[in-house]
Every structure is written in structure tokens, then in C-alpha cells.
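Two complexes follow with subunit A in common, the first pairing it with subunit B and the second with subunit C.
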Partner chain A sequence: MAKVTVKDIRKTFGETTKVLEGISFEANDGEFVSLLGPSGCGKTTLLRIIAGLEYADSGEIHIGDKEVSKTPPKDRDIAMVFQNYALYPHLLVSENIGMGLKLRKYPEAEIKTRTDDAARMLDLQPLLDRKPAALSGGQRQRVALARALVRRPKVTLLDEPLSNLDAVLRERTRGELKLLFRKINGTAIYVTHDQVEAMTLSDKIVVLNKGRIQQVGTPHEIYHEPQNTFVAKFLGAPPMNIIPAPQILEAGFSPEVPGEAKDRLLGVRPEDLNISVDSSDGAIAFDVTLREATGAQTVLTIKAGALELRANLSGDWPINGLKAFVSLPADKLCWFDASTKEACS
Partner chain B sequence: MKDEGTQVWINWSFAVPALVLMGLVNVIPIGQAFYFADGFSALPLDTRLVSSLKNTFVFTLATVLIELVLGLAMAMVLLKPLPGRGWVRAAVLIPWALPTAIMAMAWQWIFNAEYGVMGDLLYKIGLVSSPQIAWLAKPGLAMAACVLADVWKTTPFMALLLMSGLANIPDELYEAAEIDGAGPFRQFCFITLPLLKPTIALAVIFRAIQSFGVFDLVWVLTGGGPGGKTQMIALYVYDTVYRYLDIGYGCTLTLVMAGCLALMSGVVLLVAGREEA
Partner chain C sequence: MRPSPWARLFLGCSVAVIVVWSLAPFLWQVITSLKPPAEVVSVPPTYWPSSPTIASYFKIFENRPFGTYIVNSFIVALGTTVMCTGVGTLAAYAFARLSLPGGKWAIRAILLVALFPPTILIVPLYKLIKAIGLLNNPFGLILPYTALNLPFTIWVLMTFFKQIPKDIEEAAAVDGLSRWGTLLKIILPLSAPAVATTGILVFIFSWNEFLLALTFISRDAARTVPVGIALLSGVTIYEVPWDQISAAVVLTTVPVVLMVLAFQRRIIEGLTAGAVKG
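Showing the complex of A and B:
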């Protein structure tokens, strides 16, 4: 296992399409780091640059103590799990798992031992004599993981490996993945656009947008202390309410605004709003315009004049509750600069 | 709702035009060949049949093998994202688009013993001592000339077939192999060849059938000479039916030719199928 250091990586496709602009972050030894961002933000390109499948225009990649920016993929001691698994369709599961070792000329006995170990770890023993076409999506995904881990690489790179699974299987596999990487204590860099995967799996999240890093931090920091409105809105479902401060004051709320109100945006998570069917001191009355019950929680869309908010409640909301009384949680408010959209320190 | 029997009749009725056409162009001529065929007992003693079969097998084997190797190389190059790839693809396909008889006449000039470009070229690069080479009059050289002309014309077709197979191999497999430690040669051996096998089998069968039935190229280039050394089975059938007007034996030879083709296709499919399993 090893630390991965990415320093000021820049990449342009063609003459003008800037894909990555000065990306820097570290994945410490044994850390699980997710690259999170919307489609087209450059996260897969960054992963491919770390893998050596593409080369950056400038910047450096270090794996352990070694600079590998110009090193071919096979000499970086990495393994990669691809989005479509990239299993060799003409080979058996056992041959797929052992291929990396065979190509590196490991002795047959060691290939067999390691293949069996990986198969045992991922519960693949009954499938070793099958071809990939005879496997389900989840089984293929496990074979791809086994193929990556059998070489005991310094770093495992995973490119949206769960995106082809259905919702139930994805959730189960996510849990298995977390346990697996905790068990092997391996350094992993994981690309996803799914915030739930990033939040649940990662020790650290790198949020990307339009080729730039928006924030690097623990899942808790990313969720509760977003550095800008993009991160605030990208994480959370429903996303954080971002409202111009003057609109909040007009509605009757009186939070302590840091600086001039016209220069500030207020961010508040839907689940942090204090909301009740009963009136209380300082609470503002809102009309409930939409009630979306998902069983465990209820999402309300509420409106007071021009101000519209979304609130997320655990449990139910009375069906005849057409009025909601809302107060702001003073200790859970985020403030952003209205022009730069960056968090106010 | 129609009952199942009615639906089956409706389905068959849609197939009738195609079945009638197939009957007219396939079943009836094959039936006629069987009906008119005679002289089976003469087959084992027919030395001209043996030599034309030998020539045809040599020609087929040589052309298909060379075209497979060159076509695969050509297909791999044409799939690379090179500048002007569209133009190169179009240019490469030109020989295949030319009418065979016209192309054969051009090759006749290229191989002309006195003024041919081929002899002159080899002379200028120092491979031969004289530019005057009787390409089409010497037995070994005549066959080589036929093979070369056919390879030049038909390699693009082979490349086209193989390109469709190559394009279906996902790039991710090569990337996975690259990370696993495979260089270009081992990627070719471990991924390209095994995954291309069904396409190769199909391409080989297509080309073997075409090559085995070669007529126009050889007819124009050598006429089957010198001394019958490039006489192919199709030329022998033509001579038998149209020159000697022996329709019965011509039909028998046609059946022999069809049997050889069926045998060759069976072998290729068997080999490809066994390795696929």
C-alpha cells in the first residue's frame, strides 16, 4: 500500500477544451478517497491519468516515493476496476483473476494460491470455472474486484464500479466494498457521481466541477461545512436551500448575518430546519405546497411570499397540515458570499 | 385474436417471395446439376481434375493466408485515430472496387515480360539481374503472379471484414491488459486474436469460397497457362461445358467443386467452434 500524491495536474483535449485545471490532492496510505462530481467534470480523466492510461499536460503523480507521471501503467503497481468491468470474455473466471499474475510471470502454484484466496475473499469459489457471460452483474463486479486485488497493488483505482448494478444490489455491494477495503487496508481512489456512495465509502472526498477541485475533506466536512454553493447544492437530497439574505430578512427571520445582507447567501440543509405544525415564538408561517412522503421521511416544499424552501423531516407530516411553522437553526447556518459563491469564513 | 394455426400460415406467406426466389436461383440449379451429372466413374482417372484441384487449393491457401495477415494489419492500422483516416480508408478500398477483368488486364501489363513494371522495379532495386522476366510464362512465377494480383485486389475486403470485428472489441479490455502488464504483442495474442476468431472464421470462409471459385482473374491473366499450371477448377468446368460441350461431366465437376467448398467451410467452422467452446 502507498500514498498517492497528485500535484497541479492539468489536461486539455484538443486546442481549447480544458478538462483538468491544477488538480492537487493526496490519498494517504490505506485511505479510501472518492473523486465526486457531475458528469463531464473530469473525474474519470483524472483517474485515467493516475492509472497512466492518459498523460497529463503538466503536473506530477507520485505513488509512494516514486514519481510516475511518465511511467507506463504496468510499472505503476496499480490495479483498476472499470465501469463495465472489462473482464476477458473468452477466459474463465479463474483465468480472469489470475491473468495479471500470469502476465507478470508468477509461478503457477502462486497464481493458483492467490486466485483461490481472492475468490474466497469475494465468495467466488463456485464460479471459478464459468465464463463472464454466465455471471450476473454483481458477480462480474466481484470478479473485476478480485482481479484487481489479487496482485496486491499499491493502489486500487475504481471507476464507477457500481453504476451498472440495480439499486438493491448496488447498496449491498457498496457495503461489501467498504468492509473489503477496511479489511485489506488498501489505498483506493474511487470515481463516482453518486454522493451516497462517496459519503458512505470514503475517508476523504474530492469534489470536482468543470475540471477544478471545489473542496477536499472528510464526508462530514463536505456535507456540513461546504466551501461554496456548488458543493452545498451537489451533496444532499434534497439539496441545501440557498437563499439571498435579504429575502430571508423580508420573510421575517432574523438570523445574525455576517456582513452586509445584500452580499450574503444563506445556506440551510432541509433536514436542519426547525419545522412544526404548531406555532411557536419566532417561527414564521409557511404554506405547504408539496408533500412527498418516502416512508422513512417526508420532503415538504413550503412557501412564504416569494421565499420557497424545502424541508426534510424524519417520519410523517400530517396530510391536513397545510401550514408549517419554521424557525432557523442558528448553529447550522452556512453563509456564502453572494458574488463569489464561496463560504464566508 | 387469430388462432395459432392461422398466424403460422400468415408468417409463412410472408416468407413465400424469398422462398420462391431461393428456389429459382439455388434449389433448381443444384437439382439440375444432380440430374444431369454423369461420368462419376471417370473422376478418379481424370488427371486434369487432379491438377486443377491442386492448383485451386494452392491458390486458395496462398491468397487467403496472405490476405488474412495483410488484412489484419491493414484493419488494425485503419482503426487507429490517424489524421486523414477517412481518405486512407477510401484509398485502400479502391482495388476492391475495381472490376476484376480490368484490374487483371492492368496486372498483365505490370507482369509483361518485355515492358512490365514489376521486372523493372525488381531490377532497379537490385533483386534481379535483368528486367525481362517471363512472369506469366513460367509455371511457378505465373501462379505467384495470380496470387499477387488477387491479394492486391481482395486484401481490402478482408480488412473491411476484420475491421468490423476489431471495432467490437472494447478498448477497456486493452486498458485492463495494459494495467495487468501486457505489452502490445501480448495484448494482440491474449485479446485481439481470441476475440477476433469468429470474425476471422467468417472472413476466411467468405474468401476461401471466392478464391476457390476464381475464374475471371486467372482467365484474363494467364488463361490457365502455362501448360495448365494455373488452371483452376472453375476454368476446367468452363472448358468442359463450353469448349467440349460435355454438360454431364461439367455438372459432375461442379458437384465436386461444391463438395470441396462444403468440406473447407466445415473444417473452418469446426476449428473455430471447437476453440470457441
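Showing the complex of A and C:
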């Protein structure tokens, strides 16, 4: 296991399409790092550059204490799990898992023990003598994981490994993945566009958009202290309310605005709003325009004049509750600069 | 839904008609080859030999070095198949996976070559083969056959290679396979049906080719079967030994049929290749 350092990686496709514009971050020994961002943000390209399947135009990749920017994938001591598993269809599951060891000339006996270990860890023992075509999606996914882990690589790279699974299986596998990586304590870099996966699995999240890093931090930091409005809106469902400060003041709220109100945006998570059917001191009355109950929680869309907010509360909201009284949580407000969209404190 | 008995009957009859229609000429050759020479030209023709004999099968070996022809044909057809699939596989993989400068134009140019009718190539090819001293040599046929079949081979294999998900090759690269290793251990096993299919088609072409074989080979001991059959002659130039010709045709068709049957499963897999994803 080892530390991965990515330094100022730049990549351009064709003449002008800038995919990555100076990416730097670190994945410490044993850390599970997610690269999170919308489609087309360059996260997969970045992972492929770390793997050595593509080469950056400039910048450096260090794995352990080795500079590997120009090293082919097989000499980087990495393993990768591909989005569509990429198993060898003509080989048995055991051969699929053992391929990397065989090519590195490990003795037969050790290949066998390690394959069996990996298979046991992922519940694949009864399937070792099958071919991938005879496996279900979830089983193929586990074979792909076993193939990566059996080598005990310095770093495991995972490219949206759960995206081809159905919802139930995805959730279960997500949990298993978390336990698995905690057990082997391996460095992992995980590409996903699914914020839930990133939040639940990671020690550290790197949020990317349009080829630039938006924020690097723990899931808690990313969620509660977003550095700009992109991160604020990308995480959370429903996303954070972001409203120009003057509109907030106009509606009757009186938060402490850092700096000039006209230069500020207020961000507040829907679940952080204090909301009630009963009026209280300082609370502003809103009309409930939409009520979306999912059972465990209820999402309200509420309106007061031109100001529209979304609120998320656990449990139910009375069906005849057409008025909502809202006050702002003073300690959970995020402020952004209206022109740069960056957080300001 | 199970088809109704009438539909099945109709299907059976249709298949029977097509089979009889396709096999009739061959069947006629078999019947003719079993007739004594006098009966072959009798009017009205007999549909079943009055006294079946396999004498003509021996005569072709007595009158002509037919065994040599067969060996020559095997050498030429097998040589062409090996060369063609070997070179074709490498070229097709390069076109499918490596980003070659000008690759798009090269692959079109290769297709263009296939558009030339071989007939117009004969004279220049003859001069070329003569110049490099390969007349009356199996390589004098193997080389042009390979050249004529390569465009087809490359196109078929390239299309097949492109269907193999790129991820599998990248997984192989991460696992530690080189490009060659990937081609030999991953790509080729996965595309065995396609390679077998093209190989058999190339073999059949080379086995049956007549025009170049007639032109480039003048020494009897170096001739291939199709030319040998065409040059079978009777005692006088007025006598055409149909019985022997038929025997020769049957004899030279059988190996090809056997080979195709042996590879049939592979061919079918190859022809339906796109249907199942890797």
C-alpha cells in the first residue's frame, strides 16, 4: 500500500478540448479517495492517467516514492476495476482472478492460495470454475474486484464499479465494498458521479467540475462547508438553497451578512431550515406550493413573495398545512461571493 | 409459440427443395463418375448407372499425376491460408486498435485493391512473378492469392476486433500483458470463430482458383487440381473423359466439404459473432 500524489496534471484532447486543467491532490496510505463530479468533468480521464492507460500532457504522478508519469500500467503496481468489469470471457473465473499473478511469474501454489483467499473474501468460491458468461452482474462485479485485490497492489483504482448494478444490489455492494477496503486497509481511488457512494465510502472526496478541482475534503467538510456554489449544489438531494442576500432580507429574515448584502449569496441546506406549522417569534410565513413525501422524509417547496425555498424534514408534514413558518439556523448558514461564487466567511 | 404442423411441413418442403436444387449438380457429378465411359454419353441419359464402377477414380491417378495435383493444391491453399490469416490478423489488429497516422486512408486503399478484377491483373502479375523467378513454384500462387484475399481478411477481422470491448484490453494491460501478449492471449482466443471463418473462405478460394493457377504454372508436376481437371483429356482431342472429370471433381470437393463440416460450428459462431457480447 502506498501514497499517491497527483501534481498539476493537465490534459487536452484534440486541439482545444481541455479536459483537465491542473489537477493536484494526494491519496494517503490506506485512504479511500473518491473523485466526484458530473459526467464530462474529467474524472475518468484523471483515473486513466493515474492508471497509465492514458498519458497527461504535463504534470506528475507519484505512487509510493516512485515517479510513474511515463511508466506503463503493468509496472505501476496498480489494479483497476472497470465500469463494465472487463473480465476475460474465454477464461474461467479462477483464471480471470489469477491472470495478473501468473503474468508476474508467481509460483502455481501461491497463485492458488491467493486466488482462493480473494474468492473467499468475495464469496466467489462456488463460481471459480465457471466462465463470466454464466455469472450475474453482481457476481461479475465481484470477480472484477477479486481480480484487482488478489495482486495486493499499491493502489486500487475503481471506475464507477457500481453503476451497472440495479439499485438494491448497488446499495448492498456499496456496504460490502466499504467493509472490504476497511479490512484490507488499501489505498483506493474511486471514480463516481453518485454523491451517496462518494459520501458513504470515502475518507476524502475530490470534487471535480469542468476539469478543475472544486474542493478536496472529508465528506463532512464537503457537505457542510462547501467552498463554492457548485459543490454546495452538487451534493445533497434536494440541493442546497442558494439565494442572493438582498432577497433574503426583503423576505424579512435578518441574518448577519458578512460584507455588503448585494455581493453575497446565502446557502442553506433544506434540512437545516427551522420549519414549523405554528408561528413563532421571528419566523416568516411561507406558502407551501408542493409537498413531496417519500415516507421517511418530506420535501416541501415553499414560497414567500419572490423567494422560493426547498425544505427537507424528517417524518411527515400535515396534508392541510398550507402555511409554513420558517426561521434560519444562524450557525448553519453558508455565505458565497455573488460574483466569484466562492465561499466567504 | 410452436409453429403449426402445416407451417412446419411447408418449411420442411422448402428446405428440401433448396437442398436438392443446390446439391443436384454435385449429385450429377457423383452419378457420372460412377458410370462406365460409354454410358456417360448415351442418349437418353441414364439417371442411375446400369453397372456402377469406380474405375474412373483409378484412371485419373493412372493417366495423370493426380495425387501430385492434390498435394500441390494443399500446399498452395494451406500456405495461402496461413499467410493470409497471419498477416491479416496483425494488420487488422493494428487498424482496429493502434491509432496509425493515415490509417483511415490506408484501410480504404486496401479495400480499393479488392475492387480490381483479377483478370486485369494477370499480365502484370505474370511479368512480376516471372521476374522474381516464381513461375512453376507454389509461392508463385501463394503470394498473389494472399494479396487478393488480404483486403477481405483484414476487413472482416478488423470489424470483429473493434467489437471486442476496449476495457478488456486495458484490463489486460493493467494485469501485465504486453500488446503482443494481449493479441495472443486475449484477442485471438476471443476471435477464433472469425479467424476460422476467414481462414476457411480463403482456403476454399485458393483450392478452387483456376485462372492464375493456369497462367503461372506450366510444369505438370507443379499444377493444382482445378487446372489438372481442366486439362484431363481422352485418347483423342475429340474425346472428353467426362467420367474421369467427374471423379476428379468429386474427389477434390470432398476434402473441402469435410473441412467445412469440421469447422462448421466455429463458422456459425463466426457468422453470428456480433450477436453475443464479450
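A few remarks follow.
Simple rule for what comes next: the second predicted complex is superposed on the first by the 345 of 345 C-alpha atoms of A that agree within 3 Å, B and C clash if a C-alpha of one lies under 4 Å from a C-alpha of the other, contacts with A are read in each partner's own complex, and residues count from 1 in each chain.
Going forward, a residue touches a chain if its C-beta (ideal position, glycine included) is under 8 Å from a C-beta of that chain, and two chains touch if they have at least 3 such contacts.
As the structure is a computational prediction, the values presented were derived from the model and not from experiment.
Per the definitions stated earlier, placing subunit B and subunit C onto a shared subunit A by superposition produces a clash between them.
When the shared chain is aligned, no partner comes close enough to touch A:165: not subunit B, not subunit C.
In the superposition on chain A, A:51 contacts both subunit B and subunit C. In the superposed pair of complexes, A:324 makes contact with neither subunit B nor subunit C. Comparing which residues of subunit A touch subunit B with which touch subunit C, the overlap comprises 51-53, 72-74, 78-80, 82-84, 86, 88-90, 99-100, 103-104, 147.
Within the complex formed with subunit A, the residues of subunit B that make contact are 170, 172-173, 175-183, 186, 190-191, 194-195.
Remark: subunit C residues 165, 167-168, 170-178, 181, 186, 189-190, 278 touch subunit A in the complex. Of all residues in subunit A, only 51-53, 72-74, 78-80, 82-90, 99-100, 103-104, 147 touch subunit C in the complex they form. Interface residues of subunit A, counted against subunit B in their complex, comprise 51-53, 72-74, 78-80, 82-84, 86, 88-90, 99-100, 103-104, 147, 151.
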